[in-house]
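Okay, so chain A shows up in both of these, paired with chain B first and chain C after.
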Partner chain A sequence: MIQAILVFNNHGKPRLVRFYQHFPEEIQQQIVRETFHLVLKRDDNICNFLEGGSLIGGSDYKLIYRHYATLYFVFCVDSSESELGILDLIQHLLIFFLIAPKVFVETLDKCFENVCELDLIFHMDKVHYILQEVVMGGMVLETNMNEIVAQIEAQNRLEKSEGGLSAAPARAVSAVKNINLPEIPRNINIGDLNIKVPNLSQFV
Partner chain B sequence: MPAVSKGDGMRGLAVFISDIRNCKSKEAEIKRINKELANIRSKFKGDKALDGYSKKKYVCKLLFIFLLGHDIDFGHMEAVNLLSSNRYTEKQIGYLFISVLVNSNSELIRLINNAIKNDLASRNPTFMGLALHCIANVGSREMAEAFAGEVPKILVAGDTMDSVKQSAALCLLRLYRTSPDLVPMGDWTSRVVHLLNDQHLGVVTAATSLITTLAQKNPEEFKTSVSLAVSRLSRIVTSASTDLQDYTYYFVPAPWLSVKLLRLLQCYPPPEDPAVRGRLTECLETILNKAQEPPKSKKVQHSNAKNAVLFEAISLIIHHDSEPNLLVRACNQLGQFLQHRETNLRYLALESMCTLASSEFSHEAVKTHIDTVINALKTERDVSVRQRAVDLLYAMCDRSNAQQIVAEMLSYLETADYSIREEIVLKVAILAEKYAVDYAWYVDTILNLIRIAGDYVSEEVWYRVIQIVINRDDVQGYAAKTVFEALQAPACHENLVKVGGYILGEFGNLIAGDPRSSPLVQFNLLHSKFHLCSVPTRALLLSTYIKFVNLFPEVKTTIQDVLRSDSQLKNADVELQQRAVEYLRLSTVASTDILATVLEEMPPFPERESSILAKLKKKKGPSTVTDLEDTKRERSVDVNGGPEPAPASTSAAVGPLPAFAFPNNPCISAGGFEFVCKNNGVLFENQLLQIGLKSEFRQNLGRMFIFYGNKTSTQFLNFTPTLICPDDLQSHILGPSPHRHITKPVDPTVDGGAQVQQVVNIECVSDFTEAPVLNIQFRYGGTFQNVSVQLPITLNKFFQPTEMSSQDFFQRWKQLSNPQQEVQNIFKAKHPMDTEITKAKIIGFGSALLEEVDPNPANFVGAGIIHTKTTQIGCLLRLEPNLQAQMYRLTLRTSKETVSQRLCELLSQQF
Partner chain C sequence: MVAPSLKLQDLIEEIRAAKTQAQEREVIQKECAHIRASFRDGDPLHRHRQLAKLLYVHMLGYPAHFGQMECLKLIASPRFTDKRVGYLGAMLLLDERQDAHLLITNSIKNDLSQGIQPVQGLALCTLSTMGSAEMCQDLATEVEKLLLQPSPYVRKKAILTAVHIIRKVPELSNIFLPSCAQLLHERHHGVLLGTITLITELCERSPAALRHFQKVVPQLVQILRTLVTTGYSTEHSISGVSDPFLQVQILRLLRILGRNHEESSEAMNDLLAQVATNTDTSRNAGNAVLFETVLTIMDIHSAAGLRVLAVNILGRFLLNSDKNIRYVALMSLLRLVQSDHSAVQRHRPTVVDCLQETDASLSRRALELSLALVNSSNVRAMTRELQAFLESCPPDLRADCASGILLAAERFAPTKRWHMDTILHVLTTAGTYVRDDAVANLTQLIAGAQELHAYSVRRLYSALAEDISQQPLVQVAAWCIGEYGDLLLEGNCEETEPLQVEEEEVLALLEKVLQSHMSLPATRGYALTALMKLSTRLRGDNKRIRQVVSIYGSCLDVELQQRAVEYNALFRKYDHIRAAILEKMPLVERGGPQVGEEAKESKAAAKLSEAAPVPTEPQASKLLDLLDLLDGPSEDAQHPSPLDPSPGGALVQLLDLPCAPPRPAPIPNLKVFEREGVQLNLSFIRPPGTPALLLITVTVTNSSGGDVTHFICQAAVPKSFQLQLQAPSGNTVPARGGLPITQLFRILNPNKAPLRLKLRLTYNHFGQPVQEIFEVNNVPVETWQ
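Coming up: the complex of A and B.
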């Protein structure tokens, strides 16, 4: 079971926090901090697994994480999950989180230092909805990309029909679906991202 | 402020987030947040009704504030209002808020549950999905109470859409996790099993997760899932990479589902049906074969997915532990991964190999990789990986390689990360003890350990080295010499001073002949460390000094001078002062004979489980360590003792020496399992005393005759056995007076070679787990002896066998189908699996052995009634041996949870 999904930046600022096991709020904050300190001291390009911190339950739990650009994506899981499976799941989510929301925004200001990180917080609700299509109550609900995209498209259609938001998201998602996504490099520097975005925006 | 796109929905939210990001200080941020909170609060409280869009915006702001680590104590009501909206977007954000900011206000929960109920009944799949997500994400007990009945229905209903089925399966799983008692098994279980055949792979995946969790507690109920899972797996594994279309992930067919299916199969022993078994073996072979094929893609996703399946297959092979051919192949595959350039694969390979090392079939194969693993320990950049390497070295250690492994671990310890030092220390100490062929090596290893990582050497480690040195006279001289040399170092760790002080105090005389280590030199050496040590160590050294007074009369005056000095006699610490005063007095008034008696060498310590092992188990959880123990028992030779650990242990205190900073508290036998199935025998024996038992039980009453035999030719004086019963236990198994106490007191003197008898009456008032303790104190020669043993009074003694027909048996079996009533244990056979012996044990356990009841003649079935004063508890049991895997599965069903639990525990120990 997945105990928690934590996303924070290089300074430990939480950007997405989702607990699937009930912890009081202040403990949640402590877990984020503890986890941040555990992964921060690790070099890049070493193993993506480590034993959980004491607050989350120690060596019975594993932290499986990836470090992308300015963000750490950490899954805290128990022994019933496959490490490599979860690692791929993070990859899945990244594609959605880092690229899909980017096309929701029509223009990207050049002065944004760390684009992907901001996307997460400016589209907090979207990010949660995408996550819900993938993980539910600590279990993986769906792994089929097309199925997930279809669900998100359906959501967007509903939104559109209610006239709330622009039509951009739906088109954006289908754009994501149709492009052959390059593998995300381990360390994207910001310059790269800014270059990629115009590539994507032609689909909008 | 960065530009915010106009096209996007909530401008106010974007502005707020940007404001927060622009705050220069924490104070400014808090100020801005408080301003916003006040604004939202007033908007929520205001007279003007808010439209859905504004509510949505404010709820988003609250979520963001919560993410930053601020408590949110309002807004729940608005979120609940959003739930009842008919607009999808409003409902969606309402559910999101409730799931992230879980609140336990009961009034609120009632409202939320109401909204969920409406959505579940709406037949709108989108709304149903949202509601199920909310239940699964919150997963509280109140929700389980409200929906545990409804969700299974949705799950198995014929007209439920696939996506809703998927959500319902995971939702039910979550409810079962939080409140298993509220999710009773029922008709739906068999239909859930058939979801494994569903067309939609997403549904199959969710169902597999659900079944895996349910099957762990109710294996019988979900037994049929094994063959379905095997055939599903087989279809996936043998499919071409295009067959499964969307579920093919980078050329790997349905990797996630394959992993889940392989996990499910790990809840069960190898399939009994040869056809299913053959098909599974074929699948596993195919997976292993595919690992050798060239990769179909260079992408990391391809190799990750492929290897995720492979590792899970290897786990299953290890779990079954029955096909030597597959085990060896698995081991070779892991061996390849040990040298893989991907760190993640090396990590996982080390981890899997650890479990493989405890299998008989593959232990030798694992050992061939020792050099690679040692190399990993030296060269890996990542502490996680190095830690796994340490674990594996520990698991693969046996007599043949112990010296090499211990040496490598010691040298690694010098540079090891602080976080794992303590664990390595424990492991080195255990291996050194377990596989020592030569005690000199053992002593050297432990002293090295203290030298290298003194701070991480816990009390248990140095207690243990002293226990062993005291119990083995062939190593005492060497130990004294070695500690003496080690203490020469200008700076040595305090733990070394403790060990040195203790050992020289006992055995310093063995090296005193050499002028380089004459008594005075020894004393001066120890005393030079005295002032740098903490109080407990100083107290220990004072005890060493008084022992020196006895061992070496020539240093008596020197020591008396030290004891007499103000820094000792007037020490601010009470313990030190008292020792100094008492020891000084003792050395002045006592005659040489008295001194010799009082300060006699410590008698051997009772044999007991290594306290270090106990500590490691505590640290790492019992499973990892015990497995290793069980499988390696035959191979290992314990430094510490004979082949069988004594059933109980004595503790002998030496004279009036006050607290010799040493754990000599009486140790109580936790075992006594050999008496579970028999009533007569020898309960305890040491060099002095033998305790025999004869007992009889009828219904809830019992009588036990205890025989005390004096094995020596000298009288025991002040012989006093006492029965110690914790209060709660007394009320459980010892009835009110006159049954409460041992009926006949025993004569306080027991002549040499004589035997005395005592009777204990027992009444079982209600069911219990703990047994009473018999404590015996007596004086033998000059010393006071103290023995404590557990009396083998176990719950099954109050069994009355019941004969019944097959039909009756299964009818009752079904009646006891509540999950709490059943307890099951799957375990490895500890003794040869002999049918006749097993039958005798079940009868000895007290239940009736029912022949021709179980359709499978290899299984054993029993029934009986436990009699207590207050109630009678009907018990059914079933034992299924699996000769191939050398495993048993034991299932107990009784009307009372604690009884099922206890009986299962007791009986599992017998096979």
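Coming up: the complex of A and C.
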């Protein structure tokens, strides 16, 4: 079972915090801080597994993390999860976070790495919704990219159809229509991550 | 409210624009005030936006509890936009400890049944994240209905929600069990993944469910086979491996189902072999699947060849350049080391190499595994490696490494001297990290090994002269110097270099320890007592010692003061018994491993033979207490005061010592032990050519209904004998007269002294550990005359 998913930047500022087991608020913040300190001490060329800190769980729990540019993705899992599998999942999650919000962003930044973190920052709620399609109740729900993106799209359509207060959704829609698809990178290369982006034109 | 409320994005921009923590706090507090006002006013249109902002600041660590009721209102709203944020808020802000959480139960129930998929999805997600036991009980039937709905999206979410429900309320498992069989026929991977997770959860909780699902093993094997042999499919494959997550889950379930179940294990053998040999290991996804396969192979009743293949795969992974792979390989080997010890031993050199890793996680795992791999044949080599590691390892691993080495040394030490050297080395390298009982263990060991006294005291003296900061070392050294100071000054010991030590040097060293600010109070106590003991061991006069002792009579430390005052009194008023009190100490009794016992025996017996020609030793009475160890409660060696100073009386008591008369018994066999059907018999042979040699064959039989496992027999004899134990034929005696264990003892008895034998047995019987210690006094006379 996955106990928590934490994403924070190189300075420890939380970007996404999701616990699948209840902790009081102060403890949650403490866990984020402690995890950050633990993970910060690690060099870049050593393994991605850490015995967990004292706050989360006990000796059964470990931290599996990946460091991409300015972000740390940390999963706190127990022994029932496959370590290598979770590493793959983190990689997947990054793709989902990168691709799916792309259809909401009204402007595309030039520097790719900044887009990654900024996307997470400015669309915190959307990121949660995406996460909910991948991991639910501490267990892996779905790993098929097409399914997840399709679901997000369906939800967005539902939201748009309900109308809205401001023109923001309408602007978003037109922005989406105007997105020049070839600008969505075909290949994502960050650090050791090499992903070939699937064709999403059917969703726009 | 005059100004229109900020959008989430705008708030985020403002927060990011804040340059300091204080500024950020100010912005957020202002905004929270607005949000609170908006909640009070009950504005329905903007509510979702306000809650979204609140959730953002909540993530940054600011209080957000006043948004809880708003979550409820948003969930109850018919709009999807509202529900979405409301449910998210419920998951982040509400939990079972607040009473408010029950209020959303009704909303969830409505949302589950109204048929709009995204909404159903939200409701299920919330239930599976924060659903309490009461909520789960109320909503279980609703969730169950959704398990067999047409839409796979809803179904897969319902399945995982069912897992959560079972975790919270195990009694509800029965509701979900029947649907599982049908769900296994699904082709949708998301549904399959959830189903496997659900079945795994059910099997882990209930043995009945486990038996039920063992019937579907063939089906699972089929699903996995399809996955493995399917070609590349863009939808599910990661790096060319078809849906590795699903494969891993199925392998885990197969592991649980095949454990201890012959039939299931057989059904999966072929497939596991196929996966193990055909998976592409060049990418992480393939390795994840391969690891699970290896673990599954080792856990079920698999063919021997397959097990060897599996361990070899792990060995290969140990050499992989990717550190993550090495880490997982080390962890897996650690899991296997108990059950397949010899297979893992083959990879010992590689494991030891991993100790050199700079990565702390890896070296920790390598340390654990190395310690588990130490056995009597490789103990010297392994200890050398571990000691080298101890010198260079990071501080947080030192304590574990030190105690690991000491434990291994205790269990497998080939000779006492090696044991002593090892402990000494650990103390000098990592003295501050050893456990507290290491000091006691070492003093026990040294005291027991009489032949090592000279050697130990010299080595310890040299170590102490170099460095007085490592407290355990200082304590042991001080004790040793106190006890065996006379041996230290004697001059030559053949096992170390000749060391010429003057009395003054010894005293100066102990005083240095006493005065050093690095010494703990306990250490200083040791040093003071050692000084005192030296007053009888050294040949010079005791002026210096008396001086020190009287100074410490006014020491601020109460313990030291008390000691010093008492010692002072010894010098002044009780000088005539000073020598008696400060004599060499007898061995402290301790329920320990064989080393201690054997030493105890020889020490006690040594006292027996040495006491006779030295009648002035008043510790003869102490001696007789010791003999209780040998003779058992049936003897009447009871003497009250340990410090009876009259020598004559002691001698008389000594001569009164009853010896157990040997009972005549036929030579062939002697039954010495029986318990619950387990019997131990001794048979004796005296080879004609060598009158001093006696061969004893120990036979262990088992007529009971339970197997005897992990059988170990240890023996001790009085000092004048020499005992050699040969390796036993095995350590298991099957039940109901299974093949017995035999073990040969060779005893040399040059003095033709009466043979006494003390035996210690440890074994497992009927699942319980058993330890028996007993004496054999009734060996036939023909064995030793």
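Assume the second predicted complex is superposed on the first by the 151 of 204 C-alpha atoms of A that agree within 3 Å, B and C clash if a C-alpha of one lies under 4 Å from a C-alpha of the other, contacts with A are read in each partner's own complex, and residues count from 1 in each chain.
The rule we apply is simple: a contact is a pair of C-beta atoms (placed from the backbone, for glycine too) under 8 Å apart; a residue touches a chain by one contact, two chains touch by 3 or more.
The shown structure was predicted, so the numbers you read here are calculated from the model rather than taken from an experiment.
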(Q) Between chain B and chain C, which one contacts more residues of chain A in the superposed model? (A) B
Q: Check the residue A:Ile27 against both partner chains and state whether it touches chain B (first), chain C (second), both, or neither.
A: neither
Q: Answer with first, second, both or neither: which of chain B and chain C does A:Asp60 touch in the superposed model?
A: first
Q.
Quick one: is A:Ile95 in contact with chain B, with chain C, with both, or with neither? Answer first, second, both or neither.
A. neither
Q) Is A:Glu159 contacted by the first partner chain B, the second partner chain C, both or neither? A) both
Q: Identify the partner contact of A:Gln132: answer first if only chain B is touched, second if only chain C is, both if each is, neither if none is.
A: both
Q. Looking at the overlay, what does A:Gly85 touch: chain B (first), chain C (second), both, or neither?
A. both
Q: Under the contact definition given at the top, report the residues of chain A touching chain B in one complex and chain C in the other.
A: 13-14, 16-18, 20, 22, 25, 29, 45-51, 80, 82-85, 87-88, 121-122, 124-125, 128-129, 132, 136-137, 139-147, 151, 154-155, 158-159, 162, 164-166, 168
Q) If you look only at chain B, which of its residues touch chain A in the complex? A) 2-3, 5-9, 13-14, 17, 53, 60, 63-64, 66-69, 71, 87-89, 92-93, 96, 100, 102, 126, 132-133, 135-137, 139-140, 163, 166-167, 170-171, 173-174, 177, 201-202, 205-206, 209, 212, 246-247, 249, 255-256, 259, 263, 299-301, 304-305, 307-308, 311-312, 343-344, 346-348, 381-382, 384-385, 387, 620-621
**Q.** chain C-touching residues of chain A, taken from the complex the two chains share
**A.** 13-14, 16-18, 20, 22, 25, 29, 45-51, 80, 82-85, 87-89, 92, 121-122, 124-125, 128-129, 132, 136-137, 139-147, 151, 154-155, 158-159, 162, 164-166, 168, 198
Q. Which of the residues in chain A end up touching chain B in this complex?
A. 1, 13-18, 20, 22, 25, 29, 42-43, 45-51, 59-60, 80, 82-85, 87-88, 91, 104-107, 109, 111-112, 118, 121-122, 124-125, 128-129, 132, 136-147, 151, 154-155, 158-159, 162, 164-166, 168, 183
Q | List of chain C residues in touch with chain A within their complex | A | 7-9, 12, 16, 45-46, 49, 52, 55-56, 58-61, 63, 79-81, 84-85, 88, 92, 95-97, 116-118, 121, 124-125, 128-130, 153, 156-157, 160-161, 163-164, 189-190, 193-194, 197, 234-236, 238, 243-245, 248, 252, 284-285, 287-288, 291-292, 323-328, 331, 358-362, 364
